[in-house]
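In the part that follows, the structures are each spelled out as structure tokens.
Each of the next two complexes has chain A plus one other chain: chain B in the first, chain C in the second.
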Partner chain A sequence: MAASISGLLKPWTPSVFLVRWSRYNPYYLEPEVSKEAYSRPETELSAEEKEQRELKALRPIKAATSGVTSSVFDDPVISKFINMMMEHGNKVLAREIMTQTLENIKKKQVEKYHKASEGEREVIECNPYTIFHQALENCKPVVGLASIQKGGKYYQVPIPLTDNRRRFLAMKWMITECQDNKHRRTHMYEKLSQELLAAFGKEGNVIKKKYELHKMAEANRAYAHYRWW
Partner chain B sequence: NLAAAGPEKFTLEYIQKQVEEYEIGKRHLANMMGEDSENFTQEDIDLFDFIYLFFLLKQICFYFQHPDEIFPKQRAVQWGADGRPFHFLFYTGKQSYYSLMHDLYGKILKIEKHQDRLRAKGLFSQDAQLISLGPSRWLTKEELELLLVETISTHDYDRFIKLMERMLAMPYSSTEEEFVQRYRRQLEAQSMKQMMPPLEKDENGVAFSTAEGRRKTSDSSVILRDCGSGHITINGQDYLQYFPVLQDREQLMFPLQFMGVLGRFNLECTVSGGGRSSQAGALRLAISRALLSFLSEGDGEAMRQAGLLTPDPRVRERKKPGQEGARRKFTWKKR
Partner chain C sequence: SQNRVKLFPLAHVDTTHFYVQVMLHKCNLMILTCISFQACHSEKHLGQYYTLPSAHIRTLFPSGLPWRYQQQVKTFNEACIMVRQPSLEVISYLKKTDYSKPALRYLFYGQKGTGKTISLCHTVHFCYTQGWLVLHIPDAHQWVKNCKELLPSSYNASRFDQPLQATTWLRNFRLTNERFLSKIKTKHRYMWTKREFTEEGSLLGELVDQGISRVKSSSDVVGAVMKELRLQSGQPGSDFRLAVAVDGVNGLWGRSTIKKEDKSVDPEELTLIYNLRKLMRNDWTGGAIIATLSQTGSLYTPKSAYLPQELLGERGFDSMDPFIPVSVPNYSEKEFESCYLYYMDRHWLQHPQSRTEEGKKELVFLSNRNPSMLDRICGFL
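Right, the complex of A and B next:
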């Protein structure tokens, strides 16, 4: 009895080697880093949240990764974007580019704010984080295409996408766009800030790409019933 | 270690002889040590130093554990002298498992009969006492196999669990609570298992605690002093100089910021081995452990659930032969 429970608490290797496996036993739960989650008193929680709390008290928890903190400045979306921009493990450079991008966005917006007249000033958004989130939201596609084989031919079938997949596609398009379609003398942060501001205003190449995908999905609407899941 | 020598079958007489010898050896030991030979229990044997005892007991072959714990549990012979099996389910092949399922279903029928009787009298109520099991888990497949002294398949085990769940879901199942508890194990809260470093006081009366942490190949040790200034020294240097990257400094401050005690403590750290990120991770673990002695139980539990107290088990995966790296394969050439 004691042997099997302590077997669940050690770093392990699975007996059947899957392609993606982690050093943690599947018995471990994900950590919850934000401070607010622990400051809520018992009375405010629903039944499921109480059950979750009890489960967390009994199970071991994985270690927090080195990219997350409980600080207010830590944003999971921005962390994910930095990781996707990172090449050959150079997190320092990727993070530097991200901070420069946000600074650049702020500069441009503040410049625009000071140049604008009284009426327009309320509309101008200066917070680079809201601009980033909104731009990413605008870039997310609603449906995607899957290549499904039927009767010897491959058809592009429109399928619904999960939230994670949509976010991934938006970020991927943004990064590839900024890496490919820029003049060799412009810096990455410069091009990124331009694209993000354009996406915030629903213009730019990334938005165009999203609309093309939607058009393709609409054109292939007839094959939607080929999807079986 | 006799029991580890493969799937040998020990006869019942042999094991009984071992048990008698164990009892005699226990009494000899008690007489030699001058203890009370009647009430000499296993715990008293465990307290003695084994090397010392070995020289004393060279002539007597004595197991330091009861033979039942050394030899695996075996089934006695299942049939009598006339060849007729004792158990009515012997010819199923898994008699203990099927008799358990049979008993369980019998209990379900009994509960249903009880419910019918109550319904006939008009006393049936839907929300009457379901079994309260507390924080516990079902027996794992291995534990069930040990209990039944026979092997069962995963399918059998799943069926057993489903039938148990079905019985628990019925109202008025609290009559069978004792039966169910035999097949459950209590889960103790994880927070009980935390090792807290002791809180010491140095000559100026300042409270401090020391803790160590490891991550990948880095080792770190941290002394947390309750001074109130917030200075951090790593290997003699200032932390700003040692960790020029913001991410590493954030990791250092993470436990302190999470608990809201940023300016309160002085940190004196030493770290060696690994790279910059793993050194920061090792320091973070050491700081969280040292902080445990200054905080209450609830705060310690919050830190554990935030993932600050788990040592990160991820290490570099080895390169495999036939591949270029740990995962990357060689370029596939069609011909």
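Right, the complex of A and C next:
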């Protein structure tokens, strides 16, 4: 109820503050964590950004979540992936797995790099972060399927997906694939690094799953007009 | 191109080495690949890396290097160690000692992850290149915990044998010191069982083979090998110097978690530990004892303990006294720079932000210039 039109409402803070939930009064602004955003001088900013800065001086700001850091090595995509891997709130373990995965990918690529000849070296990508981002990009589906009821029957209708939904599906498929379909005696970081390297090269089970989804959507193309949004 | 002139101090000393380095390493960083190892060990090269030949790694350190360092060697296809003050100090003492006097004991101590084991390996490699006989115990803590087989000793009824650990150690010893096995002869006669014995004057190699093939008496063979080497080094007839290198020496005087019929076994009752303690006494000449303290593998010691007094305990300190303590600190600024440049050269730091000034400052802050923390952090960056 309090989260209605922010213009009419005075800025208020409840006496008991539920910091762990994200139900803030919309009057509160998002925190800006990176140091470089504040180091830009006045002259470089456009009119809107200047307005935004002045607003920040007046309005209250939401508390930053514990997942964001002001470190230069902070990456929102990696944080999201760590959160998705986390079980029972064990962020320490999820983060450990992620760092071990990145180290493992880098180790394999750097070993390959040092053993390769001069000509092959330019092709080998050693940065685990670019590999991770590229692999996720390769796994993102373009269209999805929605179950729509028409005339008593349910049809699988191809629909466009938002960016967030695509990223979520790519990450979810990657994690479930590594948890379910691999040999049980390998560590998670080993399984993940193998799957990420395969996805980087457009092979592997996750890419196959994405292609199957695309094929289903292509097959059900006739029902596309059942979508009304 | 400016760096190329600045970072090769060897250029004014020996031009042949300079040209060889430029050919071998096209990058202009503080790395040097030396042909002669003696040239590598002087104060001029503090902070620089020197490469260990892979043949030496295979023979000298079948299991002596830390796990993460072994992985690094495999990834980079080379083994580079930074020349640091503690190991350089011990090497300079080793060069100047009078070997007719009793053996000196050097002890590397420091906080967790500062590079004690690597300093020990550096010193051991120096001894190896000088042609010494190296008696390297990779981790004394492995002998007082997780023992799968414990046999009552055949020699002394009150002691216990550890055949598995003894045979692994003998195999590694044979691999490291091949050339000495056919030269050194035993001075005593050893009876293993009623029918098996080793005659006086037989080769050390035969003694070691006896221990490896007859697993039951391997701990006693280890004791015999130690006794022979201790007696023979420093004698006028022998032409070798003995280097005893023990990692985690505080395990010899600590407690053990091995249980025999629900009763905890004291380290004194283990043959291997008993013989190793005798070797650590400075009643022999013609060599040196180099040791490292380690809290990480030790049993029943608090995590914050790192000083010799705390980790060795009363008995250990009295046995090791007098010794030369060598402190191994975290990286200095120059050493940190050198490590950073080495990782950059080996393409280990891949994150684009880690190559900026702010990224470097953040690495300094996160790792507190601790070598192992820096290694772990740079691992995923």
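In this text, the second predicted complex is superposed on the first by the 204 of 229 C-alpha atoms of A that agree within 3 Å, B and C clash if a C-alpha of one lies under 4 Å from a C-alpha of the other, contacts with A are read in each partner's own complex, and residues count from 1 in each chain.
The rule is simple: a residue touches a chain if its C-beta (ideal position, glycine included) is under 8 Å from a C-beta of that chain, and two chains touch if they have at least 3 such contacts.
No experiment lies behind these values; they were computed from the predicted model shown.
In the superposition on chain A, contact of A:123 is made with neither chain B nor chain C.
Touching more residues of chain A than its counterpart among chain B and chain C is B.
In the superposed pair of complexes, A:71 makes contact with chain B and with chain C alike. Contacts of A:102 after superposition on the shared chain: chain C is touched, whereas chain B is not. Residue contacts after overlaying the shared chain place A:47 against neither chain B nor chain C. Of the two partner chains placed by the overlay, only chain C lies in contact with A:113; chain B stays clear of it.
Comparing the two interfaces of chain A, the one with chain B and the one with chain C have residues 35, 71 in common. Partner chain B is touched in their complex by these residues of chain A: 1, 4-5, 11, 22-24, 28, 31-33, 35, 38, 54, 56-64, 66-67, 69-71, 74, 91-92, 95. Interface of chain C with chain A (complex): residues 71, 74-77, 346-348, 350-354, 356, 358-359, 362, 379-381. Considering their complex, residues 35, 71-73, 98-100, 102-103, 106-107, 110-111, 113-115, 126-129 of chain A touch chain C.
Interface residues of chain B facing chain A in the complex, by the touch rule stated above, are 135, 140, 142-143, 185, 187-191, 245-247, 250-251, 253-254, 257-258, 260, 277, 280-281, 285, 301-302, 304-308, 310-315.
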